[in-house]
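The chains carry the letters A, B, C and D, assigned in the order they are written, with residues numbered from 1 in each.
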Amino acid sequence: MSHTSAAPRPGSPVQRAGTHRFSDVISRIAEEMATLTDHGSPADYIPMLAGADPRRFGMAVAEPDGTVYGVGDWQQPFSTQSITKVFALALALSLDGEQLWRGVGREPSGNPFNSLVQLEYENGVPRNPFINAGALVVTDRLQALTGDAAGQVRELLRSESGNPAIDFMPEVAASEAAYGDRNAALAHFMAAYGNITLPVPELLSAYFRQCSIEASCADLALSAGFLARHGVRADGSALLTRSQAKQVNAVMLTCGTYDAAGDFAYRVGLPGKSGVGGGIIAIVPGVCTLCVWSPGLDRRGNSVAGVSALDRFTTLTGLSVF
Amino acid sequence: MSHTSAAPRPGSPVQRAGTHRFSDVISRIAEEMATLTDHGSPADYIPMLAGADPRRFGMAVAEPDGTVYGVGDWQQPFSTQSITKVFALALALSLDGEQLWRGVGREPSGNPFNSLVQLEYENGVPRNPFINAGALVVTDRLQALTGDAAGQVRELLRSESGNPAIDFMPEVAASEAAYGDRNAALAHFMAAYGNITLPVPELLSAYFRQCSIEASCADLALSAGFLARHGVRADGSALLTRSQAKQVNAVMLTCGTYDAAGDFAYRVGLPGKSGVGGGIIAIVPGVCTLCVWSPGLDRRGNSVAGVSALDRFTTLTGLSVF
Amino acid sequence: MSHTSAAPRPGSPVQRAGTHRFSDVISRIAEEMATLTDHGSPADYIPMLAGADPRRFGMAVAEPDGTVYGVGDWQQPFSTQSITKVFALALALSLDGEQLWRGVGREPSGNPFNSLVQLEYENGVPRNPFINAGALVVTDRLQALTGDAAGQVRELLRSESGNPAIDFMPEVAASEAAYGDRNAALAHFMAAYGNITLPVPELLSAYFRQCSIEASCADLALSAGFLARHGVRADGSALLTRSQAKQVNAVMLTCGTYDAAGDFAYRVGLPGKSGVGGGIIAIVPGVCTLCVWSPGLDRRGNSVAGVSALDRFTTLTGLSVF
Amino acid sequence: MSHTSAAPRPGSPVQRAGTHRFSDVISRIAEEMATLTDHGSPADYIPMLAGADPRRFGMAVAEPDGTVYGVGDWQQPFSTQSITKVFALALALSLDGEQLWRGVGREPSGNPFNSLVQLEYENGVPRNPFINAGALVVTDRLQALTGDAAGQVRELLRSESGNPAIDFMPEVAASEAAYGDRNAALAHFMAAYGNITLPVPELLSAYFRQCSIEASCADLALSAGFLARHGVRADGSALLTRSQAKQVNAVMLTCGTYDAAGDFAYRVGLPGKSGVGGGIIAIVPGVCTLCVWSPGLDRRGNSVAGVSALDRFTTLTGLSVF
């Protein structure tokens, strides 16, 4: 039996009590997820992630006004990993505008085994900002523009979630660096085409720090709120234009879940972005943002219970974009 | 100066007169499209398509009740080509159910130069039903199940649009066959993996007939109505389940516009499917269906004015799914 | 215990009796091959080949004057398959000259999984005449020039070997056609680039007939004699110029054994061409030609005992080209 | 008008005077090369190579006894670049034996655009020791075994040629490092598969030093002598076994001239290895070694006059291996 909590965004005047459709829905989903027979396996490419219990599960839903509903391990910090790519993209887009797209495309990448040959075929311009090569380009731009890409992403998460405890995990960043040859290869390869501006070691350091941020479902659901509010931050200022917010959602829908973007759109029908830490964020434009976490992954690197929970959410609420 | 017409679906009791937001919007769009400096070039791989005037433009919007608004050449029949893949998919899915997906995936295909090596890498199972290889699998199944895949697609278009004049263009089908070596290669290649059940010549004949159907923007906007009505046909019966209709829309969004699906999602933000005849259909679930036609194509095979018109439509109406 | 026979080419005045270094060498090799623990498995893509006994072994060496030495099953006809590609190439080169190379390259093809994407990348021009795509181009030219490519190859084998019994195996050709989707895909794919001139069904028919020829080690060692005689046929006339004969040998060395050409050069060090029937021919320019047969294949499609026997031959005689 | 010189290997008692067939042949070739209308263009990926005069030409032939014949710029040092890969391979093979082939194959690589995807497909094991990825593996092994791979290669060249002035060009090595992102990408990529044992920066430093060695045609023709002497060094000791020497020659023939190995075998018919500095070495086993130099390259990176001169040499002397 799970229980649901509704919490205001820290510092927010808004707080709803009592029963709410989201509370009921996510409680029901949490109960269903507890009965899954196969939760998949945690990522094992770095030791820091391999030990997680695949049966853990948390889910949070945040409304545009900052009210957040949660269930299970919804306040448990976990390794955000690739989910940070959404926030880095939003920041780079807000600072760099359209010219960002000269260095990175926004098309799905097809089968992962093609990533390198596609990069070669397309002269070092990666297909989209959510494959590793594209995320490296985004972090390269953000680092070049701000001098501290990882710090900027952390600051955005802190201010949008109202949680100043969100932080890097240096031992995770170090572990990523120790197993970072593939990302180093990608960075050098793009540098050979002139599509990386920083020295590769500086870029990798920024990138691995960014990926090492820990945050909870509650933190991430709140932090992604600007994508449900058409670009508007929690404090009412604009991070992105309405058009840019729509565009980030579009890229999430078509490219946000590795080589399973089509399947995710087919099953869930929402813009989403997953990370190998087991987290997934998803956006219902104008309505709410979601974050689920469960460390067991399927063979394409997405949380088994996470995808399943979002599938159930859109089925039960009818909130798919389709 | 363009003018807009609102017409009931033939045989439908519903008809709206006077000014309507869609009338105003599409009139304005038609005027803008007339000022485009570069309309692209018509497809030239078969002579039958090469002669079209790239400046022609038509647009229709159909509401779920069958009311249709149009502007420009909205009642001019044109070669539907790949747009028929949506209707073939819907029919095959309605007859074959989930097992259809054993033979064809639903992931974006990435760069087209990879199509063959991906097919090889993935043992003859194409990535999605909207690339040619995948559409051949769908037509193979539909032909095997019905004995007349092309006829079934024509019948669906006729009944949903209420226009019995919709028909094949035998000279287009013959021209496709004459230049059909690439499709023959794909079909034989998949047959080598056991993923084509019919003799290749029979399959190709059905496929080229299906692609040769001519219909107008009005016809296609009405015919696609079931995708805005969550699977329900014009006569109230169900062609697809609600879940299947959502799934077809998801596949259209992620895979419907060749190697520009990401860009189309980014600019237009609607499920859509284009054809090299210059037509594009798009779905606003629950609200309306659209069809635009203008024969000039961009380098990725999508109508220049068509994509632009849909981009303007979602910008002016705010009807994107994001 | 094996025994060795020396036989004159039928109709040839030359015949050597008694002990000869080649007799001794091949007897010793045959004894060694009988002790191999793993002979591999026969090709099983068509039923006609699958039943062969992998322990059978034959070997023949032909001197330029037509004397031929043999051991084991050296007079047993077997399915020549891809070995015929050498003879088709020689005939096409003799008729078409340098312009043959407009339609087919002479570079190694690398990993077989790339064959299709390379064909696409290189605009339908296959890398060399010994991969299937390239052999189809050669047969296309030979068929276009002579009207009977397969008959020409059979005639060349008959006249060079002096054995009029060499013939097609219609049931093998039929079996190849029944499982011929991959070759049909290649042919249509090249036709899409304009690199096949005949209707694909006519080409495939000629190609499968050519591949179905049966001949023995003795037949093939004699028939390949013109490659050891710098282009000169058994009757003293020139099939190829000295330069062309050298070139065919060069293509055999770099491309003659599927994806194991480098390994074959490394181990054997002779121009050679294998077939999935288990035969391999090899050339020692100016000295002799060899043919071995043993139906068990390794994972790259070359006869296990065949490669091993040739390896031993060059080791024992020092007759490598390196 | 060119003139030819015959020189003993320094310190060698052997010296031939007067006319010799090699003197005549290379004099004639040098005259022909002077009339070439298109010499190609020097490599321009690093500034140090871009300034060379494409019309310069030198050629040397060394006999197994150390007598060397030369013409033109045969004593002019040039940047050896990839030619050093042969010497590094020989050293690594002599020290590491057969197990070297666990980390690098000996098959041709096909089209260069596939290099990365092949590396991915084959789990980080490059196809052969003469593509850059494979040469990095060889240098990694040699560095791991000796602590100074580049120094070992330099020492081998010095001792075999008798020329102690052969040395690195530090500014060339620095320039390679400055433009070394692609090699860094390859090294990190293979490291991700565990096929590089050293830290990537140490490996790259050794590799770029090795490539920066300057030597003349005379130096290189003499240094490669062990490949014509079946593995025996100038002092009579064995660097390689007879079998290993044959194997290195085989790899040179099938993989030694980038994506033109087939064409080189077809035209020249000798084991050879080229470098982007414009040099090419070639081996006539048991007879002689050659080195040509002319800085103008064709589109595949081989010296235009160099290939042409070797083509003429085998035509005039009949010394092809085929």
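General remarks:
Simple rule for what comes next: a residue touches a chain if its C-beta (ideal position, glycine included) is under 8 Å from a C-beta of that chain, and two chains touch if they have at least 3 such contacts.
This structure is a prediction, so every number in the text was calculated from the model and none was measured.
Steps from subunit B to subunit C, taking the shortest chain of touch contacts, total 1. Counting hops only between chains that touch, subunit B reaches subunit D in a minimum of 2.
For this pair, subunit A with subunit B, the centres built from the Cα atoms lie 33 Å apart. Subunit A and subunit D, compared by their mean Cα positions, are separated by 50 Å.
Centres computed as Cα averages put subunit A at a distance of 57 Å from subunit C. Along subunit D, residues 113-114, 117, 121 each make contact with two or more other chains.
Chain pairs that touch one another, listed by label: A-B, A-D, B-C, C-D. Residues of subunit C that touch subunit D in their complex: 105-111, 113-114, 117-118, 121-122, 127-128, 243, 245-247, 249-251, 253-255, 259-263, 265-266, 269, 271, 285, 315, 320-322. By the touch criterion given at the top, residues 113-114, 116-117, 120-121, 181-182, 184-189, 191-192, 200 of subunit C touch subunit B in their complex.
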